[in-house]
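Lettered A, B, C and D in written order, each chain numbered from 1.
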């Protein structure tokens, strides 16, 4: 029996595979297709304090091996989430993480403050890296200072562990990672999407109503993997890697490069069973290679 | 008859399609497949002052819709280039651009100083953005200051126009672009490759001997296009766009987003006729749309 | 809502750029309602990356059928599939037409433009089984865009058709044909599917004449089952306008609730 | 070196994971030398992105043939092509074996491992036409990895074979088989192609016995025609070691010039 569990220190996951925020709905959307109890965990769609509309359509455009989204963080807000969704999630035997959004540091803190009163949430993933809200993709994770101040305020407010979600749209992701660590983040997750665009040459208009959106999917994997490797080599807190993971092989690349766990995003759209299949593929690899505990694989890249 | 010529101010191209450095050899490699005289121009492989070996293999790895290279700028140096290659290029009726490399500002300047003595070069493309030479992809184009100092020194030295080639591995490409413009660059070309990696899960080794390499090809197009759009909207000098252009449609997206011309890279490997086909596709589009001069299309994105 | 990774193609038909594929998938067939759709994986690789949505065109006990037009790479790859190949599909998804036994004896107009005719065939069968009269208004650019004309005719439906170029039937848009016909009769209800502008025109006509109407909307879909928030359209809800996921709450909506996209009339 | 965007598949053969395709391409066939290769576009889309290199396995006046094993997505897609399909190919590329009329009357050993047998068939035909004797040493993991055994036998070549698992012929590596045979005779020249380690061993044997030997090397290729600098191998040149593009200056090199990769012996 291979032991697939991974220990993030503040949190033990039954396996390293987590559904990524914004691609896993509120989890419940996947019930017809998979047994949610089998997952390492999942992160629900980004939540602001109040309900939000998101951007007008078109919100999605496909590119070679990639997907640009400009969803713009629509959501039901913390109140409805705690009343309508959370009670239904509490019955699952898996790790529920809430992706926390805010227009400013105070809003991040108020989301956390509100949710701290409710059971059934294992950690907060602080979404300081969504490129789809402000112009030119501005967000706290583009600067070490803004990252530090957002993370440290939320950390102070929260009674639960904080995972800071980093942006790939930076010159030096290690610098941002170190700021988040210094500010007290319990873990880091990376990456969010890459600021991107597509043009319709017939109409000469952007293919997304918001002009720019965030690129995800297999196209970005090589860049996201490099960033995960860089960060994992420099911080002491655990790193959760993501970007373009479709298969167990992809997940293994991230873990060998140093990720303690992985999030699976766009793959869930292509195949709602992706997370469960990836878990099976991890198990098969470990069995084939005679690995008893998957944790022993983490960061074993021979460079 | 559609007029496909574009005017960069310092240089008029017969059409906007340029073979990108490092993917077009010294041009001559394409003679069996295309008539080089039909091109807007091409940029020869990056040249240091002295001959260089480049990195050990494996130098290439494919990823979904992308290619990571860690070639590492091997080359014959300026002396052999001027003796063996340049005389053969002079007979072509197209624009020859030399991609200039250096380990420091002085080497950039010395390459330019040396080549200034020879005819047949229309401009220098200053490669301040190759991610494959220093550790962690360090290069001048990651900082506005280093960009400014490299470009201004070379501009002072050179008797020819300077195109500064920018890196996509930055938080704010507009800031770097403005530095290059301020330093006297006559044009900007963007983007060079994205720092990336891939892991072999069987051996647990990086798939490139150099660990990291540069990602190019269709995978990166959405990000490179966004950067081109951002920069073209902010600088006064012409912008040459590139990244993942395989077809006339791709080239048109860049031009509508603001690029005066485009470079075609990885596509040349897939099909050595790519540049010529793209020129034909631009012509067909203009004819279908009743566009007399392709220049009128540049920057017409309705955002 | 189930995933069938191996729905075998048991029948394939082709008319120029239009195709139909009949897929063996008993579990999906058992649940399928007219107006619902399935998400089809068109490539085993990463291009195209996402599944493609197709309305259920007809069903039998064991099969669901889709009917589609080639509009890009995804539909092109799909058109290359052969009988005995298998497709990975999800379905049935969304909410279909509100067409129940209460429509018995009613006179129903089904208006379809181009590939938008797809869900209306399933609906016509349903209506007939409930004892309603379905009249079909079918429009296309040209003669070749009316591949299902014979099928409806053979089954004895009252069929009216139009082509933009006049190569067959009424010359003009199907919305104009429909308007002309409405001078002669008033249906009890309208169900329509087709290009945005066509549906918008039909909706105006329906509102003018106070005829209840439902429309099957399109949007780019990331997932098809509510997880991505990609497929939203502007819908009226309790006197407010909201971005509503059409994969979950649609694709069929009442004309009164749809905020139509602006565009050239 | 020409591009043939439409080389028609005129024949296809298959043995488990091995395939051969004969491609109609008179211009490439006219120029092809043994040891040269072609670059084949395996997908019309962007996955896989790059062409794949294949040695020329045989040629006729109008055709060139490739012989390959499925090792990944590219070769898998290629194996799905059918007679009458067309392939987009570039060729002939690189420099082949130095096997000219000067080899008349000589006794030549051709050593091929796995798919590495591909170029040696073309070479065997050439050698025979020049009046040289070609003896074939052919190794594979198992019986199934020797699909060309019968072809060589039928044409009356002196064939020796080995399998790692002993399921047919000599049990062990083809380099060991070759070593054993060299106790009985000494060839005038060796040409080899196969896995890196096998070639390295053959090269050591050749140097020990002072037999001139040439090897067809592999490397990941970006372009196949000298434009990308991706395909380099370490080669001796005028007493210096250089990274040499094998697509231009190879893939065939003299054993004396090759710096073999380090690895488990």
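Heads up, the rule we're going with is that a residue touches a chain if its C-beta (ideal position, glycine included) is under 8 Å from a C-beta of that chain, and two chains touch if they have at least 3 such contacts.
Computed from a predicted model, the values in this text were never measured in an experiment.
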| item | value |
| --- | --- |
| Greatest separation from subunit A - chain, by CA centre | D |
| A-D compared against B-D, more contacting pairs | B-D |
| Whole-Å separation of chain centres (CA-atom averages), subunit A against subunit D | 47 |
| Centroid distance [mean C-alpha coordinates] between subunit D and subunit C, Å | 55 |
| Separation of mean Cα positions, subunit D and subunit B [Å, integer] | 36 |
| Inter-centroid spacing, subunit B versus subunit A (mean Cα positions, whole Å) | 34 |
| Residues within subunit C bordering two or more other chains | 46-47 |
| For subunit B, residues contacting two or more additional chains | 64-66, 218-219 |
| Arrangement of touching chains [line / ring / star / complete / other] | complete |
| Touch list for subunit A against partner subunit C, complex | 22-25, 29-30, 32-33, 45, 53-54, 56-62, 64-67, 69, 71, 74, 217-219, 246, 266, 268-273 |
| Complex contact set, residues of subunit A against subunit B | 63-66, 68, 136, 142-143, 169-172, 194-199, 201, 203-206, 211-212, 215, 217-223, 225-226, 229-230, 244, 249, 252-253, 256-257, 285, 300-303 |
| Footprint of subunit C on subunit D - complex, ascending | 45-47, 73 |
| Residues of subunit A touching subunit D in the complex | 64-65 |
| Complex contact set, residues of subunit D against subunit B | 1-3, 41, 46-51, 88, 90, 219-223, 225-234, 242-243 |
